[in-house]
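Same chain, two partners: subunit A is paired with subunit B first, then with subunit C.
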Partner chain A sequence: MNGIDIQAIFFDECEESLQAAEAGLDACKAGTQDSETINAIFRAVHSIKGGAGAFGYEALASYTHVFENLLGDVREGTVLVTSDLVDMLLLALDCLRDHVESVRGGAPAPDDEAIKARLAEAHENVGKDGGAAAEAPAPEPAAASASAEMDDLDALLDDLLGSDPAPVAEAPAEEVAEEEDEKGEEWALYVCPQAGAMDNGSEPLLWLRELVELGGICVKCDESILPQIDEMDPKQGYLAWTFSMPASVERDKVADIFDFVGEQCRVLYGEEALNPPARARAEVAPAAKAPPVAAPAATSATTKPETAAAPAPAPTQTPTPSAPASQSIRIDLGKLDQLIDGVGELVIAQAMLAQRLSNEGLAHFEELAMLEGLVRDIQERAMAFRAQPISSVFSRVPRLLRELATTTGKHVKLVVAGETTELDKTVIERLSEPLTHLIRNAVDHGIESPEDRQAVGKDPEGTLTLSAEQKAGRIVIRIGDDGGGINREKVLAKAIEKGIVDPEVHNLSDEEIDNLIFAPGFSTAAQVSSISGRGVGMDVVRQNVKELGGRITIESRPGQGTDFVLALPLTLAISDGMIVQVGDQSLVVPLTHVVESLSPAETEIKGMGRNIRMLNVRGQFLPIVPLRQLTGGPRAETNIETNMENGVLVVVETERCGQAALLVDAIIDQRQFVIKSLDTHYRSVDGVAGATILGNGRVALIVDVDRLVLDMTSRRHAPAEAA
Partner chain B sequence: MKPTRILTVDDSASMRALLLHALTTQGFEVEQAEDGQQAFEWLATNEVDVVITDINMPRLDGFGLIEQLRDTARHADRPILVLTTESSDEKKRRARDAGATGWIVKPFDAEKLATAVRRVAH
Partner chain C sequence: MAVIELPRLCDRAAALALRGDLADTTGSEALPVDASNVERMSMAMLQVLLAAHRNEPGIVLTARSSDFDSALAISGLTETFNTGAAA
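On to the complex of A and B.
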């Protein structure tokens, strides 16, 4: 890669940017003036400006700078998008295209004075009522700053084009040496990182090392407020250093090191550094991000009134409050997972032992029950290591609501319950996306506009309720709004229009209609947002939840609101399942899918075509899926009648195909099982979600109910289901 | 010693090329992403020592990327530098509030990049 290649990339990119900007402006003219469109135009011009600066195209850089200033105003909303403005921006874009062409062809820059003046004028009118004319025109400073930037870039471009960058790098060093000879006065520097100085990946040690590299000598380390080791929190700043810097090192050069540092680190120079303000222990107490009273410039929004008001008594109190903090240790997540994996094996071994003893007729004795209790106890505690409170997800919601309030104009109150409920870390991490989408959806489509709400006598401000609780071994999360509820007529009409529902079907239940919003292809206009980018459909939300081993259901009350209820497993590693016998194989059906099991009477089975049997469950017909197909191959299918007589039907709920009845030979047991992925040990198999080891030591496959039922039913009704 | 690994996030191909060139000549190992979303997804399963990100990007912008990364355990303490065209205190404050470790003011040279990276690389 050399300079010429990179320039070629730049010109290609300019072409794309110009097209993007033009498309955006055309859309504006046509009436689409949402923030994403404006942003795209801004980005396009911004990107050309960035490249122009980098490659030293001064005229182009100066022009795009003026252009971007105005687009920045449009983006901020301080300049309104009028038809006149769009026309002017289109003219400006034409001129930008000429600029790019001239740079590419090495021709002189086009005459941009007139349009530049108009752009600058529109920009300057913002926030300056009158007096704008007296100001210097914008192009001048822009050009100046652009050319100043050029100096910086020469080094990089020289480097790219193969000339020697060394003189640039060495020049300052020589100057430094000369200065050192001239004046020999050393100067003092005081550095005191405080609580928060290590946040966001900052590392104060690196700053100190850089000072040493510059020739600084540490003359004093103030450890006066260093607490006892059991009270120590490594993230707090307890130490302060005084450095003696050689006279040759300019203050600016040192200030540059601390450029990144905010109020979390006090840096004093010269005389001030020799007499730093006294430090009290209070300022490093965990709650106190507040700067001490003596610090001049610093004020912090996070200041907690109580700590700021009472810094003096704090030292005497420190031992008690900070003691609990020292009671924790950090463990590598990998080690923890190994432990949890081991506990999983222990659960299996215990089950195997129980099985063996039971075979020997020794099932019921106290020690075994004790062992079982202990193993379960250990398992639960091991799982708790990975558990995190759901508040880490919920705490992000207020910000989301604020952003939604600005884009939709709907102000929504948030009510949160059960935020201390704990979930597996992985589940928490993967929950944030579907949750964000559901909340966005609730505000966008659920909650009505303030006017509509007032019209029906509701509080103009909507309410979003988020709750989490542990219920029957699962975590139930509820996202509720007090909006208008799902408009079932509209949903049904749209589903018919999209070909998701056969127009002939008229007997859909309310629940079935509500669930149509999860159908792939139901969501239409891509929702655009700055947080999650292009919106995804609700089908993706359901998919995400399903991948977590969870289920999502809707409870909608017309006029009163909609609740989305997520039921999630406590952990991804262990699950409850029903063990069924099919031929000589044991299979596991995850309990989350099982609705009921029954031995059907002959009259409840109806035939449809040659191979299809339907089960009549209280008037509802469900397709029967013989699990033998999973284990046996096609021959089994012909024996469906004989299997039916001796078999048991397990009614399961699936995500995509409603309910179905799985035909098995017998139900053996219901128990917890440890999920082992087939992908890692063998390869992924359709219809199989994984494997587990049973109490008798045999491997059993875990049935992927959704996939299996989908495959079977779509194979039979290929033409009908294809839509 | 293992070379410092850097992920650069920028939607402009020429900026990516410049960054790649400048950083590799300084002895860094470089990975590249084209926007915040791609970077976030990549970082879900990959590690780097330092992230350098542009601010204005489609899908997920630089600030959004930082905020999302700070919410994950894996990247809560990851050094993240933002590329910015302005060096005003207000811009710096915004970057810091978003959770950035530091910033690099455009245009940059290889030296400037290396200094900024070394200042934060643990």
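On to the complex of A and C.
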């Protein structure tokens, strides 16, 4: 694991911490202000601060330092948890998120002076107004103690950052240790930085500072493998330490300190810490002279502290002898993708085997069915590895609403359901932008001003509802507001004004009018606002959703609000498709496009010119697109009538051209298929979205329905206009 | 005897430089080291000082900043530098 890996872990941890802190503050706002919630917020900010210090992100560390000061006051109960305070902490958290993002992206630090001043002022005012926490929950004794410890850590961080240095107070640590000594439950910890521990810029002294802050006392510094000065490489780690930790400190809390260190530091707990494995100088510096193997740093539980200044008790055996088992591991996403690719190949191989056996007349036997079941099971489990709860996207919404409240004056209550619903990581990442725009749009255009709402008897505070659920193999996300609904008269007028709709057309359905907002260039806003008019139109939102293999629909009720419903695939790697035959080739039509299939009567086909044929589907005429043109079949254009007699029409929904009917020879099957990129394995081909391997081992092209229909209809229009 | 003044920032680069200086040192008397300006310590510097302290002719700390003391304290080396050759 290198420094970049460790930094990536740090940023992952930051994201988790930010989410935890936001969840905690939201809980506080909702009235849950117990010590556990407060502690969780504190820990989250503290965790970011620790990592920021370790990596030398001074602006981030400095900001979290100020933030943490106030949170420490809240933990101690010296600052009241009021609605105003929670609002301020939420703003501070927004700024913290900006800090993290700026560090991650290498951008300049955000302007935090104003919020830092507010945090500092609140911190400095502690006690000035007699501020005991009448409303705030009484902190747990451990929390109060830890808070005092954190004050020391603040000083240490200042120390580290080179400002306002303050000595490490050994006395408080002693006191803490003495208190625990009375209980007789302290436990041992062994810390041994490995050879490359400092290669990535990590500083082991920082870890030790954090241990001291937790009340730990260094009872032994093992310098047994420290070489002669002319043989040593200062960048290597030669020292190891045994600490005595108070019983009140949980191992998880200690483990947090070493989260970012990875495998470059051996950390042992309890009995193992008292009997660490022997260290050899060779393992630290291979070039150094080979010394005799050093004796174990501590051989029994009676290890005595070596420092007179810290008469700490000898660490005793902990109640649980071994380190806590980790419930999760971190896996590089690339490795996970390789696994998914392998599973995809397995799915294909299984399909090929089944096809081969079927050809041999051996399709039905128990072992094959068992294999199919196992492959399906493995596939589902492998795909689940990439699955993430949608809460990672939903959790950003409260901040968005706070910002919108500032800019629009509309305070919106958020109701979330189904945030544990999981979907593919890639889908999650690409969902953020369209979702953000939809929410901005809902607040900016959907929800009325407080005055207007009151005038029609509504709560002046609007409500935005976000929900997610898995339905029929897809994820359905609903973004609903309780605003005025889509003003269809206004939308239609605007569409006519923009030339999107022919002024002569007067029979558009409500649904068709609603969908006009997805037309490129459409906007009902009188002027471009900074809220939803940021250059990302609803057409782009729809395109984004479409690129994810999804579909967006609108359900609007005048006076009651509007719901945008996104139906997304669970994954982008495997999808459902209809396998169709065209000439001697098999093609795959993604099922997300398919509306219906039919064998039309001759009377339902109408001609327009020499080559254009239209299908009459219940009074609606759809252009017929022969897929044979994609496969390059002989005389594709002129064979259309012949093909039609024996063929099947698959009605598909397209992005820009409405519905169309794909003419194929036959429908072969409907099944899941593994998507392979054509760009990677061959080159980009117009009208082809990718490829897959069928059970018979042949490659089948996946039809890019939108592109194909768009190309064919525009190609047909061109000569007609020319004529 | 010339006093070795430790810089304000005792990072790895400073430790490497000091190691070179100390390795080239000859003589029989402990080298005086002034740590009064130290604001930030590193494990690398601690290791160099510790190695120098254990080797002949050793070092003696003539002055120490609170930050330097703090680093010794958290790493359990306060007593080591208070006694023996460094004293």
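Note that the second predicted complex is superposed on the first by the 378 of 723 C-alpha atoms of A that agree within 3 Å, B and C clash if a C-alpha of one lies under 4 Å from a C-alpha of the other, contacts with A are read in each partner's own complex, and residues count from 1 in each chain.
Just so it is clear, a contact is a pair of C-beta atoms (placed from the backbone, for glycine too) under 8 Å apart; a residue touches a chain by one contact, two chains touch by 3 or more.
What you see is a predicted model; the values in this text were computed from it and never measured.
**Q** For A:185 in the superposed arrangement: first (subunit B), second (subunit C), both or neither?
**A** Neither partner.
**Q** Would you check which partner chain A:489 touches, where first means subunit B only, second means subunit C only, and both and neither mean what they say?
**A** After superposition on chain A, A:489 lies in contact with neither partner.
**Q** First (subunit B), second (subunit C), both or neither: which does A:203 touch?
**A** both
**Q** If you stack the two complexes on chain A, which partner ends up touching A:84: first (subunit B), second (subunit C), both, or neither?
**A** A:84 contacts neither subunit B nor subunit C.
**Q** Count the residues of subunit A touched by subunit B and by subunit C, then name the partner with the higher count.
**A** More residues of subunit A are touched by B.
**Q** A:271 contacts which: subunit B (first), subunit C (second), both, neither?
**A** neither
**Q** Using the touch definition from the top, say if A:366 reaches subunit B (first), subunit C (second), both or neither.
**A** Neither partner.
**Q** Output the subunit A positions appearing in both contact lists, the one against subunit B and the one against subunit C.
**A** Residues 156, 159-160, 165, 168, 198, 203, which sit in both footprints.
**Q** Quick check on the complex: what are the subunit A residues that touch subunit C?
**A** 156, 159-160, 162, 165-168, 170, 193, 198, 203-205, 208-209, 211-212, 218-221, 223, 226-230, 232, 234-235, 237-239, 241, 306-310
**Q** Given the complex with subunit A, which residues does subunit C contribute to the contact?
**A** Interface residues on the subunit C side: 8-9, 12, 15-16, 19, 22-23, 39-48, 50-52, 54-55, 65-67, 69-71, 73-80.
**Q** Using the touch definition from the top, list the residues of subunit B that touch subunit A in their complex.
**A** Listed in rising order, the residues are 11-15, 17-18, 20-22, 25, 37, 56-61, 64, 70-73, 77-80, 85, 92-93, 96, 99-103, 106-112, 118-122.
**Q** Using the touch rule from the top, collect the residues of subunit A that touch subunit B in their complex.
**A** Residues in contact with subunit B: 1, 5-7, 9-10, 12-13, 39-40, 42-43, 46-47, 49-51, 53-55, 149, 152-153, 155-156, 159-160, 165, 168-169, 198, 200-203, 206-207, 210, 257, 259-260, 262, 333, 392, 396, 425, 429, 432, 530-534.
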